[in-house]
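Labels A, B, C and D are assigned to the chains in the order they are written; within every chain, residues are numbered from 1.
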Amino acid sequence: MTDTADYPADDFYRDNSQTSAWLTEEDLAVVRAQLPLVYVDAVPVRVDDSGDVVAVGLLLRVDTQGAITRALVSGRVMYHERVRDALLRHIEKDLGPVALPQVPPSPQPFTIAEYFPTPGITSFHDPRQHAISLAYVVPVTGDCRPQQNALDLAWMTPEEACADTVQAEMMNGQGTLVRQAMAHVGRLG
Amino acid sequence: MTDTADYPADDFYRDNSQTSAWLTEEDLAVVRAQLPLVYVDAVPVRVDDSGDVVAVGLLLRVDTQGAITRALVSGRVMYHERVRDALLRHIEKDLGPVALPQVPPSPQPFTIAEYFPTPGITSFHDPRQHAISLAYVVPVTGDCRPQQNALDLAWMTPEEACADTVQAEMMNGQGTLVRQAMAHVGRLG
Amino acid sequence: MTDTADYPADDFYRDNSQTSAWLTEEDLAVVRAQLPLVYVDAVPVRVDDSGDVVAVGLLLRVDTQGAITRALVSGRVMYHERVRDALLRHIEKDLGPVALPQVPPSPQPFTIAEYFPTPGITSFHDPRQHAISLAYVVPVTGDCRPQQNALDLAWMTPEEACADTVQAEMMNGQGTLVRQAMAHVGRLG
Amino acid sequence: MTDTADYPADDFYRDNSQTSAWLTEEDLAVVRAQLPLVYVDAVPVRVDDSGDVVAVGLLLRVDTQGAITRALVSGRVMYHERVRDALLRHIEKDLGPVALPQVPPSPQPFTIAEYFPTPGITSFHDPRQHAISLAYVVPVTGDCRPQQNALDLAWMTPEEACADTVQAEMMNGQGTLVRQAMAHVGRLG
């Protein structure tokens, strides 16, 4: 539980309680220490009529130490779930049911983020587990309302999202992932 | 004019007449024999809520010999025009003003199609010129109405679009481009 | 063992016996029924000086029914292993130590293959498990010698690899993956 | 000539003099003001056995004002030339005949750089012309010797190549292109 509180972007236990309750937390703890888990990371964006990214949406949370953190939409791919359905589910969970995401037609991610329990192997780090996350830029056109433990969803320009002050508030390398996403859409600045 | 009739997917002269009339047809003929031209190819698709492609839109035309041909949205990138604006312009020109295309946020094409005046160098061929075309899959959500010299816009499943009968009606290698697009979106079958 | 024999492209038990023996086969059977596993698929190719693909390498095996099957290099990503290291390890395991693979500099796969235990959800199927495989085209420049349970490594042209006779000998949708790879490199034909 | 001196990365006139001398400089000046030209940009890299980028190669030049500038391998795609052959030609021209480049098997660029004569439309700018450049990361394994007007080829780590001091020495937005390349290979830092 403190684990969930410390890493609120994640939904490991919540997903489990809903859809595979017969996999106990003990089992999951064992699995987490032995296999890489599959995640998706979504970078929510607003685009103009030409598809150019004009804003990036970052979730605002307060961690257990009371510090402000910013995060992407992120979560696990469940057993027997397509990656595109996992993307849609996590976006709806974090941004609400009327965000109207445009899940990309291609399953090719713009990159993969390899979160290692050991820091320094890649740009990404997750003290709890080894997660391999497929990362996508997802335009959303509807009304986004932060859900659950998020205080807010802040829309900022690509330049603001890549600025040092914002980057410093992102955990586990997600700041790098935002900059990789902006590089991919031609808005690294 | 006969050129336009023979290759109705193209807009070389029409574009020219509108936006750079001072470049004469003679000049263009010279350029065409000396430089590769930049094109965009758009594969219009319908997607479901998860972004999965459910239909591909192909333009239907009758060529000068009276044969039915099918084509993608395709055209030249103009001087001082961004690629994403060229995509939008050609989609609106071929599918009408309320097609509501979702131009991809990333400028990275899923492939490039190199149309050579000489057949056999690549899968693509254009007897008039050497064109390098940036190819994109573009979901459209609105009402599509074929414009100008197109008889119809036919929506078909990915499987139908890749079938031999449909492929045989596509010119210059565009059938291959459709199959490459379906491979990219995971719907090659 | 029969499992390994039936699905010789895989290395689930072999990997386990080598590097995480403390995860019992019973544990793995449980995990396999509850979480998607991370795989890599490599399409080994020969390229010319311009990087154009001239040949595709497919492993030849005999299954338990005595039928000839063809397969890509494929296998699981281990705990605390980078995807690029998993690629390298599986290529060396299947093609030998002097294949000299050129693992791509970018971790972006050309597609992901989602193998479901239930047929028909995607183009990919694996009766044993739900596997999400990151797929890469990997040029190899050295001497390839099929290892372990492979009879041979057959080099064929892109056209031959996409032909119906060869496609019919590939299992679980890997034939589709080969055609997706050829579409990606511009050699779908 | 002063034009060539000011933008030494380019080869517009040199290419022309060699392969299409009948297109006069006057003709080219006209074309340049009316059509986007097709370019390729190559980011030369050194990789380790796993394909991970360990160094980036930047050309060092002195411009007409005596200032040090750094540049990528860059140049025009000629009439009737494949993009992959243009890549190879420009790499050999700038890095010498034994650089042993590994031109990527896929024609899909990691991004396109749209150089506009007007600053501020994209991250890229070229006062002479509108160029649309297909950008690739190209591992080189041989001995690189800077040719022609380059003083040196400097190998630096991805972090160094993205540092402000180096970025300040790159012209026309190529610094951004280097960072986009590093984002693509997972080495943005």
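Simple rule for what comes next: a contact is a pair of C-beta atoms (placed from the backbone, for glycine too) under 8 Å apart; a residue touches a chain by one contact, two chains touch by 3 or more.
Source: prediction; values computed, not measured.
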Contacts shared by subunit A with subunit D include exactly B, C
Sort out for me whether C-D or A-C is joined by the greater number of C-beta contact pairs.
A-C
Please tell me whether the contact surfaces of subunit A and subunit B are same or different in residue numbering, using the over-half criterion.
same
Centre to centre, by mean C-alpha position, how many angstrom separate subunit A and subunit C?
29
Inter-chain centre distance, subunit C versus subunit D - centres from mean C-alpha coordinates, in Å:
35
If you look at subunit C, which of its residues touch at least two other chains?
82, 106-108, 110-111, 122, 184, 186
Within their complex, state which residues of subunit A touch subunit B.
45, 47, 49-53, 82, 84-85, 87-88, 102-108, 110, 137, 139, 184-186
Provide the residue numbers of subunit A that touch subunit C in the complex, in ascending order.
20, 23, 27, 30-31, 33-38, 77-83, 106-112, 114, 116-118, 121-122, 130, 132, 134
Which of the residues in subunit D end up touching subunit A in this complex?
111, 122-123, 176, 179-180, 183-184, 186, 188-189
